[in-house]
Structure formats: C-alpha cells, structure tokens
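Next come two complexes built around subunit A: one with subunit B, the other with subunit C.
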Partner chain A sequence: MAAATSAPRRLSLKRKYAMLTRGLGWETTYQPMDKVYPFDRFEGIVIHDWDGWEDPFRLTVDAYWKYQAEKERKLYAVMDSVAQNNGQLGITDARYLNAVKLFLTGVTPLEYAAHRGFAHAGRHLRGVGARIAAQMQSLDELRHAQTQIHTLSHYNKYFDGLHDFAHMHDRVWYLSVPKSFFDDALTAGPFEFVTAISFSFEYVLTNLLFVPFMSGAAFNGDMATVTFGFSAQSDESRHMTLGLEVVKFMLEQDPANVPIVQRWLDKWFWRGYRLLSLVSAMMDYMLPKRVMSWAEAWEMYFEESGGALFADLERYGIRPPKHHDVAKKEKSRLSHEVWTILYNYTHAAAFHTWVPSDDEMQWLSSKYPDTFDRLYRPRYRMWREAAARGERFYNDALPQLCNVCQIPMAFTEPDDPTKIAFRESIWRGERFHFCSDGCKDIFDDEPEKMSQSWLPVHQIFQGNCGGASIEDVLRYYHLNIGADNLDYEGSPEQELWDAWTADRRTAR
Partner chain B sequence: MKLDIHTSSIEPRRQTYAHVARRLGDRPASRYDEAVLDVQATANFHYRPLWQPDREIYDVRRTAVVLEDWYVLRDPRQLYYGTYNLSRAAMDQGTERALAFIEQRGLLAAVAPSWLASVASYLLPLRHYEWGANMNAMTVADYGYGTAITSAAAFSAIDRLGMAQTLGKIGLLLDPTGDVLDRAKASWLEAPFWQPIRHALEDTFVLEDWFEAFVAQNVALDGAVHGLVYRAFDRAGMDHGAAAISMATGFMTEWMPDHARWVDAVVEKAAAASPENRALLSGWARKWSARAVEAARPLAERVLGGDAAAAVDRVAAEAADRAERLGLEREAAR
Partner chain C sequence: MVDVAAGQTLLAACLRAGVHLPHACNHGLCGTCKVTVLEGEVDLGAASTFALMDVEREEGKALACCATLRSDAVIEADIDEDPDALRLAVGDHVGRVVAAEMATPDTRRIRVAVSGFAFQAGQYVDVRIPGLERPRAFSMATAPSARGGFDLLVKRVPGGEGTGWLHDRLAVGDALAFAGPFGRFFVRRSADRPILLLAGGSGISAIRSMLDDLLGDAGGPPIRLIYGARSERDLVGHAELVARAASTARLSYTAVLSEEASPRWDGARGFVHEQIEATLGGSCAGHTAYVCGPPAMIEACIRSLMKGRLFERDIYTERFVTVADGAAALARSPLFKRL
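Right after this comes the complex of A and B.
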C-alpha cells in the first residue's frame, strides 16, 4: 500500500490533465476570436461553453508517444517477418486478395483524407479539448494510411491490382463511391465533419467496415493485415468515444442544435450505409473463408447495437436515422445486387470477380433463404452457362449512376426486389438521378453542393477520362489490362498462385 | 562460420508501388517514400468546401509559393508515423527520467530562489506560445499541399503540444498546487514583456497563406524565442545553479536542431525552386524575423537585464546567418 503523500493539495489526475491541456488556450485579444476561428459558427451549431466538453480520453502526449511507439515496434516486426517468410503464401486463396485490393484502393486513401479532415477540425474548433482530440485523431489517421500502405506493400510485390492505388482512387468509377463520401465530409463544416466521420462512420458503422475487413484477414490467413487491425483497435476505440462525445456535446449545448444534428445523422447514416454496400459484397462473395453474412452483421451491429444507441439518444430528442427501415428491408439483397454490378463491369475494375462455386451458393442460400435461390441463383446459373459456352457476359454499356452515392443504379425498390428503383429531382432546370429516397433526400437538402459531384460515367462521356473506348479509359485509370481486371479464372494471378502453391495441393 | 538457413525464394513481380516507381524507379523503396509520396489526392474532387467555396479540397492556391512538385519538400529526417513516435518516445524518456530525478533529489532547491522566480516568469508562459505554435502547425497540416508537408506538420503540431505539456509539468514541479501555472497564464495575457510576442503570434493565426505562417512561426518566432529561452536564458541560469532547469528542458534542446533540419529543408527547397519563391520567402523571413526579434526584446530585458542587448543581437545575427544559409536574400531586390 502506498503511504499517503504528505504534500499538501496535490492535484487529482483529472485536474492535472486539465491543467496540462485545457489551461493552454486563451481568448485572443490582438485578433478577434471569430477571425482566428472563422469556420466553427457557419453551420449553425451553438456552443455556449466549450468547458462543457468532456475529454473522452485523457491522453497526454508523452503517453501517446509511448503507447504508439510500442504498438509500431510490434507491428513492424510482424511486417518484417511476413516479408521475410513469404507470408503472402499463408492466405487461404488468391481470391481473398480482392478484398485487400478493394481496401487499399478504396479505404486507405480515406485514412489519409481523414488525417486532413481532422487537421482541419483540430485547427478550427475553438475549444481546446475538442481540438486536441481531433489533432490526435488526425495523427492516428495518418498512422492508419501509412501502416496500411506498408503492410500491403508486400502483397503489391506479388499480386495485381494494388500497384497504383492513389492514382486509381482519384479516377476509377467504383472508387468514386468512397471518394465522394469522404469529399462530402471534408467539404462540410468542422462539426458536420466530426459528426459524419467520428460518430456516424466510426461509432455507428465501424463494425461494418473496418472490422469485416480485419476479420476477413484473420479468417483467411492474412497475418499482416490482421496484425494491423489489432494494432489499430485501440485507436479506433478512442475515435468512437470521440464520436459519441461530440454528438452529446452538441446536443447538450443548445436545443437549436438538435434538428441540425438530426439532419446530419440522417444524411450520414444513409451515405455510410450505401458505401458499406461494397463491403457487403466483399463479405458475402470475396472471402474464400467467410466470417459472417452481411445480413447477420447488419442485424448484430446496426439493428441491435445501433438500436440501443439511438434509444439512448432519445432523451436528447434524437430519433433513429431516416430510412433505417429501408436498410433493413434491403439486407437480404444488398450484397447480391452489388456483386451483380461488379460482375457486369469486372473488365473495368482493378480486381477480379467470379460466379460463386456450388459450395458458395450453398452457403449463400443458407444465409439468405428468402432471397438467394429465388432471385440470384438463377442469374448466376445463367452466367455460368454463358461463360462455359465462351460467352462470359460483360456489360459494355456505361451505367447510369446515382448522383449522390455514385453506385450504378441497380438497387431495387424497398418493397419489390425485382424492380429497379429510380428517383429524380429537378434543380436549376437539370434532372438528377438517384438510387433511393435516402440519396434523393440528401440531394434535395443540399442541391448546390451535391450537384457538383464528379460522376465517372458523365466524365467519360464528356471526354475527360482518357478517350472514348473502354481501353482508353482503363489506361487513364492505370489499369494493367488483362492482369488487374477480368475474371479471376484465367488471370495471371491465378496462374502464379497455382504455381506457388502447387506443392501444397499435391501434399493434400 | 556462416549459418545457411534454407528458404524458398519467390521473385517479386514489382519492387514498390507504381507512383513511387515513377519517381524513383522500380527498386525497393524506403518506408518513408512509400508512406509519403503521392498519397494525397490530387484530382477529380467532388465538391467545393462550404468553408472556402472558391478552393478545391486540397488546393495549391492556398499559398503564393509555387512548386511544380510538392514532394520536393521531403523531410530529411524521413519521419513517418512509426519512426516519428519511436523517436519522440525515446526523447521523452530522457525528460521523464530527468523530471523524476529532479523531484526525488530536490534539485530545485539548489537553484537560487530569485532565478526560480525568473524561470516561472519566462519558461512557464511559454507553454501558451507552444500551443500557439501548435495552431500554426495544424494550419500547415490543414492547408498544406502534399503528404510530405502535411504529415511532417502534423508531427510538429504534436511536438508542440508535447512541449507545452512538459512545460506544464515543470510548473507542477515548481508548485504542485498548479497555482504557478495560473499566474503564468495571467502573465502571458497581461505582463507587458510578453505582449509583443503574443501579439505577433496572434497575428500569425490569421495569416491566409500557410507557407507564410510556417516561416513566421518556425523560422522567425522560434528563432528568436527559442534561441533566447533555451540558449541565452539557459546559459544565464548556470550562474544561479539552474542545472536542474537545463535537465528539465532537455527535450526542447534536443528537439530544436531536429526540428530545424526539417524547417530548413522545406524553406531551402522551396526557395531554390524559383526566383519568385525565393523573393517571397525572403520577404516573409525578413519581415517576421525583424518583428520577432523586437518582440522578444522586452522578455530578454526582463530576464537578462543589462545582458539583454547582446543576447538579442545574437538571435538577430543567427536569423541573418540562417537566412543566408537557406539561400534567402538579405534585402529586398531593388
């Protein structure tokens, strides 16, 4: 037992933390505060007292350096070991890597974007506590971008589709889905940004994005990625806590904030959910060894956990996000509809697709008893037969895109899975198309902003993407034609993988 | 004796990412290069910022400095997140030991009480200066162009916060109740000898050009303020038995040359890129250095009394030498 210290009036840890951090800020007098912090008022969020901010984690910089350095030491040791021991051969099957390709081209650039977005919030929110939390997250996000790039660099040496991820992220059609999502957040004010990313994305939906990729890695022998995932876990839980704090803080500061926050929760729930539809296809189709189905994940992580969360927020006057009932209706269809799109356009993608095997169809049928055999199995059977005749179906028509989520318009009506949903709005004499009421609402709420979207198909037609033929466009994307794209079956990657693992199969 | 462990080797199909290979050739790249080069998005942004509708999300027009390639602003320390934290954790371990040692041995008792009072007035308010420097570093991370500058700027922002907190801890060593920190803040806000520095710092907060903020903070203000506090004042403390204060601020004295390596490389590379850049950076360095030196003079007089003029002249001379070393012009072109 430690003896009581004799020093009088020692500070409590909480007070000490407050002295070391909160005490740092001051009201500027040589320049007006509104000029020093020009961006934290225009969104309409009213903050009466920044001291009401509860620091979600009382982390001083010395502790941050120490913990993070220790984590990096371990992570890089694993990366070195994977590189030294041909760790890429430990994965279940080369098809697994298509999930990794989607992650590196679609998610890793967002981590860097998050670094910038939190730098913006970390500079421009006027409360010291909120600013420090955002700054640490800015650094964490940089960590995630850089460690992902380092982890996956090894795979890039042996496999296709990973070689030019940043260039592709700015250009390739399906990557405008994650890019526009994050661009939307970055171009919002600092409060909306933190609500979008820290709360809606990290707090509400992270178990449906980050976790499925990392669990997929664990299930499929990807030591490198899963080590990264575990290493990032403590960062993520800090970020989630920040997300909840920022929302509660706004709601507690002023009743006028409630409708604004509600509107953001509605918007970012739907935007996040549409982004996750890519993950749903990854979970149900890309993983050779599956973790759980999209529908199961949605039930567990949104319907149950999210339900409890929104019940908790009810006392602030917050209701569950608009259209969550539609997401529920779609959960047995989402991944199949998205995989269909991807299968249609694999010739223009930096990853491979395939028709699920009989075993896989069995699994899909057991996970989706109401929909799979009735709606999707016949389609796959047709495509498989066509491919066997040498007539593998590729869709050479460019699809119409939803103006908001930017996914090809192939989602179906909430109450009719056989009918494609079309919505539209007219704004300043122009017609804009949407895949859903959720996306239409987002547009109608901010038409000036949402009408600026860089829609890949429109851009191709306008001649801004390298030329008029698919090949021209693929070259603009920096796709290695015939290697990065097309079916897995017959790809150079498959051939190499089979050669590298030939021993393994004969041993069995 | 040579150990010969047999492994199967598989030829890599490529050595690094294509965007790195386009710059450096397809050979194994350093972790720094892969972590930094071309990571920031550059094209096809979807929406214009609500907070700055005349700019793209990342936009070279947020500074008047023009570079064809923003990745010339490499960090000579090659810090990426992993090496950054390892480096700072190691540096901080020394500080932590020093603070514990000072407390256990009661080393502050060896410092002349009049000098301790002086330390409380010149060193502790500096934590607010560091917090201001943190803001400017975040401005660069926010508005800068390219991962080379934004990542290093974000690291320096956390450095600044860390140093602000270390100064706070020194304050708690001087006075475990923390009252001394409240007095230091009042002094930062009101004491006449701090006001010119605070005034200059607050003026940097509203600069629209992030590169100017970078130069004003890291070249000009730091040159004067850190130069005085951690060199001139520290030396003066030796006559008052203040070795414990030197120990407690060991992080800062180790950090300063490390930080300066990066700052110098950024300024030097940007200035070398064009005569226009050189003129611009020279002008900023001259303007802000002159102001910083004069702003720090009352602080120097307060701490050093009659020796202040020489110390101020020294930091002014250092600023001039540094500008010359970085290829900046001493005087405006006629």
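Right after this comes the complex of A and C.
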C-alpha cells in the first residue's frame, strides 16, 4: 500500500516573488531605518504601510536573465547582419541619418543616466518590492544604453557627428536640453525621480518618442534602430506599470501626498513636453518618408490616451497637468519653431539641417493647413533664395536660453504665433528668463535648484567653453568643423552618399 | 479536471468550467494567460514570439488563450486565489416562469423555477431572448439559499427589444433559457470588515441577493445599505427593507430619492454617493464596498469612496449597462484593473 504522501507543492509565482522581495527585506537594528534610508521621507511623501505596495509585475531574477539574454541574441543577430550587409545603404536618404544622430547623441546618454537614477532609487526606497523593481529597471536601462551605443558605433563608421557622443553630451548647447532634464530628475528624491521618469516620461509621454521614431526608422529603412527600439520596448511595458503603481501607491497612502504628486505631475509633464519638442522637429522635418505629423501624434498619444488616464486620476483628486492647454495650442507650430531654431544654429551643431523641398512643404501644408502657408512657408522661401545667392543664413548671435528647458527662446505666445514669448523672474537680485509660463512656474517653485542651471550660452560668455569665437567653442565641443556642422547641402556626407548611391539614381 | 472540446482553447475551457485564469488580450499578444504544461501535448496556436519567448516554449510554457490540446494534459497556472469564489461551472439551463408581477411601474419581477443550477449572491445569468442574437444579462435578485430557483428584476428599457419581450411576451408557464452563473461580483466574507452595499435603480437586484445571503449568516460584520431610486414608487421592496433594518441590529438602511418625493417622504433626498458622505462622515476606510447600478451612479460612488480613502482592492462593482450604453463606453487607462 502506498503511504499518503503529498509532493511538496511548487511555489506559485506570486509566492516566489514574495520570497524574493518581502522575504529578503528586514528591519535594521544596528542603525535606525531612517538613517539607512535617509531620502524617502525627505520629499514629504508619507508612507504608512509598504506592504500596501502591489508588485506591478512578478519577474524573478532567473527569468529576467533568461529573457534579456534571448533579446540580446536576437538584437545582435540583426546588428551583425546590418553591419555585414552594409545596412546603412538601405536607408531612404542620408538626411534621415541626422534624426538618428540627434536621437543617439541626445537619448543614449539619458538611458545611462536612467540606469544610475534607478540604481539610486533602488537603494533609497525602503519598500523591498519597489526597490527590486527599480533595480531591475536600472539593469534594463544599462542594456538600452549599450544597444544604442552599438548602433551608434555602426553609423559612426559611415556618417559624421557621432564620434564623441559622451563628451558632446556634457558640453554641446542643444544636448544640454536632454541632459539638464535628466540631471534635474537625478538630483531629486527617489519618489520624484520615479514619478518623473517612470510615470510622466515613460508612461505619459514615451509613446511620443518611441512610436513615431521607431515607425519612422522602419519607414526609412533603418533596421538597426528598429531593432534596438523593439528590444527596448519589450521592457517598456514593465517600466510603465512601475510608473502607474508608484503614483497609485503614493496617492492611496496618505491624502497629504496628493498635492505633492500633483506638483510633480505638473512639473514633469511640462519638462517632458519641452524635451519632446525636439522629436516634433524630427518627425515633421527630418524623416524623408513621414509617418504622421507631430500634431497627429500629440492628439493620438496625449490628448486621447493621456485624457483617459487623467480622467481616471481625477478619482484621486488629481487634475490634468497645468498648461496642457498650452501644449494643445502649440501643436500646429511647435515643430516649425524648433526646426527654425535648429536651422539658425546648425553651424554650431553636430548634425545637418536644410530647407524642406517643395514636396515636403506640400506635405507640411496639408498637415498644418492653418499655420504652415501663412507663417512658415514664406520664411523657408526667403532662406532658400538666400542660399541660392550663396548666402545661406546662419545666426551668429548667441541666443537667450530658457533657464529651465534650456531651449533658445523662440517659442511664441500661446495665443499669438507671431510674438515670441518672454517670461522672467527675479531671484536674489538676479533676473532669470523663461520661454513659457510652464518653465517659469517650475523655476518659481524651486528657485534654489533651478537657478544653478548650467546654461551653455552663459558659460560661453563667462569664458568657460574654450574661447570667444565660434570656432573656439566648436573645438571645445570636439566638432569636426566643416564636416559635422552646417547645411546638408554641400556637406561631405552628402557628397559621399551621392557617390554611394549613384547607381540607384542612374538606374531610375 | 476540466473538459476541453476539440479545437477549444485552454482559456475558454477553463473559464467555462469556472476556473478563472488571468487573461487580457485573448489573442496571444500580451502573455497575461501564460501557463505551464506539466504533462501532455498542446498546440501553442498563434502565440506571439514576443509574448511567448523561445526559452519559455522550451520550458513548456503556453498561452492559454490560443493553446489547444493534442492530448490530455496537466497544466499549472498562477491563479490569484480568491477564497470566496466557489468556481461554479457555467452551464446552459432552461427554467420555467412560475410567477410574474410588476414590482414598480417599469420593473417586472419574474420568478424562475429551475433545478440543478447554483450561483453566488451577486452573480448574473445571460437570458436568451427569442429572435435576438445577443442574450441579455440580469442579476439574480434573491439569495442562492432560496431553493428551486430565483427572481429576476427586469426594468423596461424604453424601446428595448430584450426587456420589451420579457415584459410583454413572456408569460407564467413559459420556458426561459439562460446560461450562467457569470460574474466576479460576489460577497467576500473572508474580508470580515464592515460592509457597504450601494444600489442604484435596478442595481438593487444583485445587492438584495447579497443582503439576503449575508443576513442568512448567524452573525457577521455590520452592513450599511444605501439604495437610490428616482421616486418612492421606483423603490423595490422598500417596506420590507425598512422592517428588516428595524429588526436586525447589524443592518442599517437608507433609501434616497433623486426626484420629487411626496409630502409623506421623510427620508433622504439626492444621490447614493451623497449619502455615502452624509452617513459615513467622509471616512470609508476599513469597509468593503459593493456597488451595483448604472455607470454614472457607479462612477460617482467610486469617487466618493476614494475621497473617503477606500480604494480599488476593497471596492467591488457591477455595472448595469443596456445594449445601447455599451457602444458609448468611455476610453479607460490601465490605472485601474477592475474599477
């Protein structure tokens, strides 16, 4: 006869994950918990019960390793084939690569910064579930940085402006826009960091960065970018659920958290939106084959999806982020204003700009019937005529930068697209300038922090950037003068590309 | 043990048998319904290579929503155990109408006799209407302990085909075909906390079933019932509820009218969610709330409960939507899973 034995039940995934999180945590006794976790009360967030944290996903370390290893294998197989088959020749046009340059030099270092930020949050949040989630995300971000650097490394062999991205990230004026965004988040407390990056950026705004950019890459034959994009996006849903959970958790733990979270949502919506204005220019001007316009993407991903989210958040007493109405008013002019800025200063940038072709202007006019022909087409005509006379316009005066978003102050009044918006605040006797009410509000809320911004133009004038002439500054940036910068028309890159693709054009 | 028909997905078979596997997209894309095949052979179907990775396929994982059987199989799934779910198998039944009366000017009470059918208080059935492709859902309005059948409360939807047939054509003695029981809206006795029952209009059916079920227990936590209707004549079983509350120490009952009331009415006026704040003084934490009624009433109650610091894990809802409402459903974010 058989003894009634019951095989030990295998642990359910939920139990396994609880062992990994709650089971590995403990209350410290040699030192008080408040000294071990000095930052998670500093921001004013009140947590009564960390056990109320619901793990937004249950991924154990062994499973995590296996998944990521498989993703890496798939990704690098594609990257190898791109390299071996001269994949760079498959793109629609070399002008497209300038969008990739902006992305790889602007965003790749942010992935690395995110790795550091989540490592910090993963050390300083006292709840074990939240800590593990942040630590896994920290590893994800390191992987994203690595895959993007490998892509960058491939394109660096064939195109200009990619040879020193880490150095440039710390110095070049337009790269200070993404860099200062992340520096602000990294120097905040752990709750604000996770709200800023996981919720506001990855949940609310990330679709505006990844979807148009990755579809743009696919439309324009850029398999390397598509692949690192897909590989990163498979982690993204995990990151988004972390963002949702942390915000729900704070809102449910104590009513005193509601106004703090609201302030962060207001701030990081506007910061993220200003950062994405660079994406608007990429979408509308830099893709030879366009996917959708910035205005269409904004409507789909923010006004509709974001609208549903903020309708749900209203149940917690949270209102839509301040100045979202301004973003709506700006959607038909944002990309044109940003492209204008980039066109003005492309002699000081590590990528090229150009005047849109007639076909492109037709597309812009159809996507922006109320603004393009009236406000922007005349300007492009003027620039095109000047270039034809051999007087391509470059703006040699250094611009006033917004003290918060660090973009040159060329955005217009919410209700008047012909008038540049200027805002200012006086703090400790000094005057600070802003491009918008959104940026001014952020400064006024934290003047001690925001008054310390490292503003590239101010730094040049203070003599901290290699000298007083544009050439001195470009050398300080490590730009290859005459190759990385200036108009695409007449660039060495254009000459090379035309030579590589001469067959294609004669065949046609 | 679950019977699986040829070509039926594992998910469909399990749900039909009352085993609630977690699932979301139903198309092999999201991976929510991932299970492990311990014995036997399955066809993985159209599972996406991103939702079900190669290493997982090698480990015997499958997506239940698109996997079908090649042989008898044993699968293991991570189910959030709900100690209060009885996991009653869903079946097709035919009952007989044994009584019918107008409970209010627009609501018909239909008593159905049926054998071999069990349900949990708060669940619903899909009633088949001759000539209509889609069945109509109605919650049982009596306690499961009432032997031999259940009552349905059918409110006439102006111009509605389904409720029109149930009011005008269905007669005592007729057969009534239905499938069920369905729904995750049932009493969580294991919570063992004070209970808030909130009913709006015909939402009283499921709530009344729960109330009668709870009051059948020998003891238990306090119960507060708030029942909203337009006018006195729209309240179903009001006098009975008043009497139950007077004789039951743990039950308190508030009826609230949103439209004109007669001079006789000395009860509350307004909406259910306003009564949450009026009767609980703005503090709902520590309760378990069950909310049943039309979508606008549910949304208003959720907001009042959350304002009173009661959140998703302690709030259960059942939305009463008409076929016409369904099309106008609001876009939602993934912030809430159930609410």
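One rule holds for everything that comes next: the second predicted complex is superposed on the first by the 494 of 508 C-alpha atoms of A that agree within 3 Å, B and C clash if a C-alpha of one lies under 4 Å from a C-alpha of the other, contacts with A are read in each partner's own complex, and residues count from 1 in each chain.
Definition applied: a residue touches a chain if its C-beta (ideal position, glycine included) is under 8 Å from a C-beta of that chain, and two chains touch if they have at least 3 such contacts.
Computed from a predicted structure; not experimentally measured.
Asks: Who does A:234 touch here: subunit B (first), subunit C (second), both, or neither?
Replies: second
Asks: Between subunit B (first) and subunit C (second), which, if any, makes contact with A:317: first, second, both or neither?
Replies: After superposition on chain A, A:317 lies in contact with subunit C alone.
Asks: A:381 in the overlay: touching subunit B, subunit C, both, or neither? Say first, second, both or neither.
Replies: neither
Asks: For A:309, is the partner it touches subunit B (first), subunit C (second), both, or none of the two (neither)?
Replies: Second partner only, subunit C.
Asks: Scan A:289 for contacts with subunit B and subunit C and give back first, second, both or neither.
Replies: A:289 contacts neither subunit B nor subunit C.
Asks: Mind working out whether A:255 is in touch with subunit B, subunit C, both or neither, as first, second, both or neither?
Replies: Only subunit C; A:255 stays clear of subunit B.
Asks: Does subunit C touch more residues of subunit A than subunit B does, or is it the other way round?
Replies: B
Asks: Go through the superposed model and pick first if A:76 touches only subunit B, second if only subunit C, both, or neither.
Replies: first
Asks: With both complexes superposed on chain A, which partner does A:184 reach: first (subunit B), second (subunit C), both or neither?
Replies: First partner only, subunit B.
Asks: Jot down the residues of subunit A that show up as touching in both complexes, subunit B in one and subunit C in the other.
Replies: 10, 66, 70
Asks: How about subunit C: which of its residues touch subunit A in the complex?
Replies: Residues of subunit C touching subunit A: 50, 53-55, 76, 78, 80, 302-303, 306-307, 309, 311, 330-336, 339.
Asks: Applying the document's contact rule, which stretches of subunit A touch subunit C when the two form their complex?
Replies: Residues 10, 12-14, 66-67, 70, 234, 241, 244, 248, 252, 255, 304-305, 307-309, 311-317 of subunit A touch subunit C in their complex.
Asks: Using the touch definition up top, name the residues of subunit A that touch subunit B in the complex.
Replies: Against subunit B, the touching part of subunit A is residues 7-11, 15-16, 19-21, 23-26, 28-31, 35-36, 38-39, 42, 60-62, 64-66, 68-70, 72-73, 75-76, 85-86, 89, 109, 112-113, 115-116, 119-120, 122-124, 128, 132, 135-136, 138-139, 142-143, 145-147, 149-150, 153, 156-159, 162-167, 169-171, 176, 179-180, 183-184, 186-190, 449-450, 452-454, 459, 478, 496, 500.
Asks: Looking at the complex, which residues from subunit B come into contact with subunit A?
Replies: On the subunit B side, the touching residues are 7-8, 10, 12-19, 31, 34-36, 38-51, 57-58, 80-82, 85-86, 88-90, 92, 95-96, 127-128, 131, 134-135, 138-139, 141-142, 147, 150-151, 154-155, 157-158, 161-162, 164-166, 168-169, 172, 176-178, 181-182, 185, 188-189, 198-199, 202-203, 205-206.
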